[in-house]
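By letter and in written order, the chains are A, B and C; residue numbering begins at 1 in each of them.
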Amino acid sequence: MNFLAASIESLGAKVTGWFTVGYGIFAFLAKAVLLLLLDRTIWNRATFDVVIKQVYFTSVQILHVFLGYALVISWLIITIILSTARDFGLTEFASEMTIRVLVLELLPFLTALFIALRSGSAINTEIALMQVNNELDALAHCKVPPMQFEFLPRLIGGVISVITLAGLAGLLALLLAYLSIYGLSMAGFEPFTQTFAKIFNLQIMAGLIAKCALFGLAVTLIPITAGLETPKKLFMVPVSVLRGMMRVFFAIVAIEVVSLALKYI
Amino acid sequence: MLAAVAALPDDVARVALDLPLRANLSALDNIALIPLYQSHFDATESTRQAQAMLERLGFAGIAPLRDPDMTPAQRFATQLARALILQRPRLVIDRPGAMLYDVPYPAFIRQLAEQAAMTGTWEIYDFSWNQPLYNQALDSE
Amino acid sequence: MNTLHFKVGLFAAASLLLAGVFLVYLLHARGFFEDTVHLQLAAASADGVAPGVPVVFSGIEIGRVTTLGLNDNGGIIIHTEFLARNAKWLKENSSFTLDKPIVGGAKIRVDSPDLNAPALPDNATMLLTTSDVSKEIPVLVERVKAILANVEHLTRKDGEINATLANVKTVTGRMTGEYGVLESVLGSPEKARAVTDSLDKTRALITKLDGMALKMDGMATKADRWLFASGGIADQASGSMAQVRLMLTDAQASLKKADALMANAVAISADVKEGTQDIAKLRAEIDDAVRKANALVNEINKMWPFARDPEVNLP
């Protein structure tokens, strides 16, 4: 009986914990969005400069690495799809399959994972260290708003970066798919355009951009809130990063699953 | 008494160990944040003001340094500059001994205060057993 | 100059440029800059047609079905839409066929035999015919079965061929008897007619089987076109077709032999002894043909499981 009570209690504690975390994330997001929408004073050069710095660190700095990686992955997947399609005599579906698998699903997902691993973990560590070192208190004392100065630029930078990088990788994959299927000639342009037009309608485009934006938000918002939760003890920083990255991973998978469900069910 | 220092009202600028500099910004950027976000000056003007403040304290050379690269004296000077540029009527230096552990700090602070030549009051809170140090260097400031 | 800002600026400019190019391409692909041409197709049944079903010309999609509706006479009117650049493939002598392949979705195929013919006007109405491989195969199997039933009927124990054989026996008996050769042929007109009748039937059956074999050939080429050019199901399908054809040729050969033997018997060779041996051989040959024909029906059912069971075995 005691065992049962204890299990129920621990389950309750876990559920409460999840709710607290979720509430924290959404409350923070609401605060950021309200600030962005309502406070005209933050639309200034200073915020813009920090956003530019964040975009630089999250996307421009790694652009060549990222594009190389997207190239290799796209080339592999396209080759696999093409050879399978040829084996089964379904070549006419190859370009559609490539676009659906790569451009709409795999590349945005991998981009989000890439940014999460590189920038998300860095953001989580940095915010946790700022919290532990009292740097946030110092900023508060100086009346420099950390939301505007530190957090919001990271959120905006994350969203911009994931959308742009996923878009660039998608364009690269489209080009690569065309070259793999039709080679260096304009002969396939018409059928490719037809397939392209069939897949990309307004809903799909809006869904793709919304999905990338959500990915961008997840890989920055969750690390920030996880960092802010860190108790003021240095040894808690790794724990904070660990928790934050775990949540980021779950969030990315959840966004992908929901988007697939909305698209195909 | 220490709790009272931490709970001082908003119009007091504090220099204290528990209000560190932003670690990934240079000394100049740390100071320039204040005019940038409080008075909404543009980046050039804020940087100019911050540089002027550092020059006034005699530490113009440390502008590009970040927190971990500074000596305790340089770090203190940056924190002081950040507090001064807030332009609040009172300035409280909380336990300078903890920050300036490798210089004879009462004399050092006095020298800085002369160079800054700012209006307003500077108050130093310190442990009572450090009282003799101040008596040698200066009268109550 | 701030290199960080320069790099971000370059990145933003390049991305915006690419996004712009992408948007223009997208709008072009979706025909935003073009007029659309509409066409109505009249069909007997809307089975398998739904909005979004592609209209293909030479394997390339040139338009899609937008809406379906009934007209006042209860016929189906399918509205299709084409981009102006694709409308040039629609000619007045174009034929429109609804294809429902075993693998893949339904599509409407346009065949324009003469590309110099005058173009179809906007909002024209054309007839949609149906060609359905999955419907045609069971029909074919039914026909093969009917033919084989016919063969069985001919060769049943008290059937015409048996009777004929009995007749032949009598004839040969008579030949050896006192009536002589001429009398044996002309002596009994009814019996003579029975022999010719069953011979005619056998010949008709052979012609039918010939037709079947031709049809099978046609089916195989058609199937090649309907399914995919090479590999996978396509190979298996045309392989099965080839086998059916082989088996039919086999049956046909057996029956031809029977025909030859019958002809031989009726010609009443002078060598009576040889004649009786031929008749025994004929019996065996016809039995053989029937067995093979039965096996054929089973084989066809096995090889085209979708006739009863929609499952298609992928390799």
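By definition in this document, a contact is a pair of C-beta atoms (placed from the backbone, for glycine too) under 8 Å apart; a residue touches a chain by one contact, two chains touch by 3 or more.
Everything numeric in this text was worked out from a predicted model, so none of it was measured.
Shown here, the protein chains touch in a chain-like sequence that does not close on itself. With chains reduced to the mean position of their C-alpha atoms, the one farthest from subunit C is B. Between subunit A and subunit C, the centres computed from C-alpha atoms are 53 Å apart. In whole angstrom, the spacing between the mean C-alpha positions of subunit B and subunit C is 94.
Averaged Cα coordinates give subunit A a centre that lies 41 Å from the centre of subunit B. Contact with two or more other chains is made by no residue of subunit A.
Of all residues in subunit B, those touching subunit A in their complex are 14, 18-24, 33-34, 36-38, 40, 42-43, 82, 86.
Listed in rising order, the residues of subunit C touching subunit A in the complex are 4-5, 7-8, 11-12, 15, 18-19, 22, 25-26, 28-31, 54, 59-62, 103, 227-234, 314. Every residue of subunit A that touches subunit C in the complex is listed here, in rising order: 52-53, 55-56, 59-60, 63, 86-92, 164, 167-168, 171, 190-191, 193-198, 200-201, 205. Interface residues of subunit A, counted against subunit B in their complex, comprise 41, 44-46, 49, 126, 129-130, 133-135, 137-139, 141-145, 148-149.
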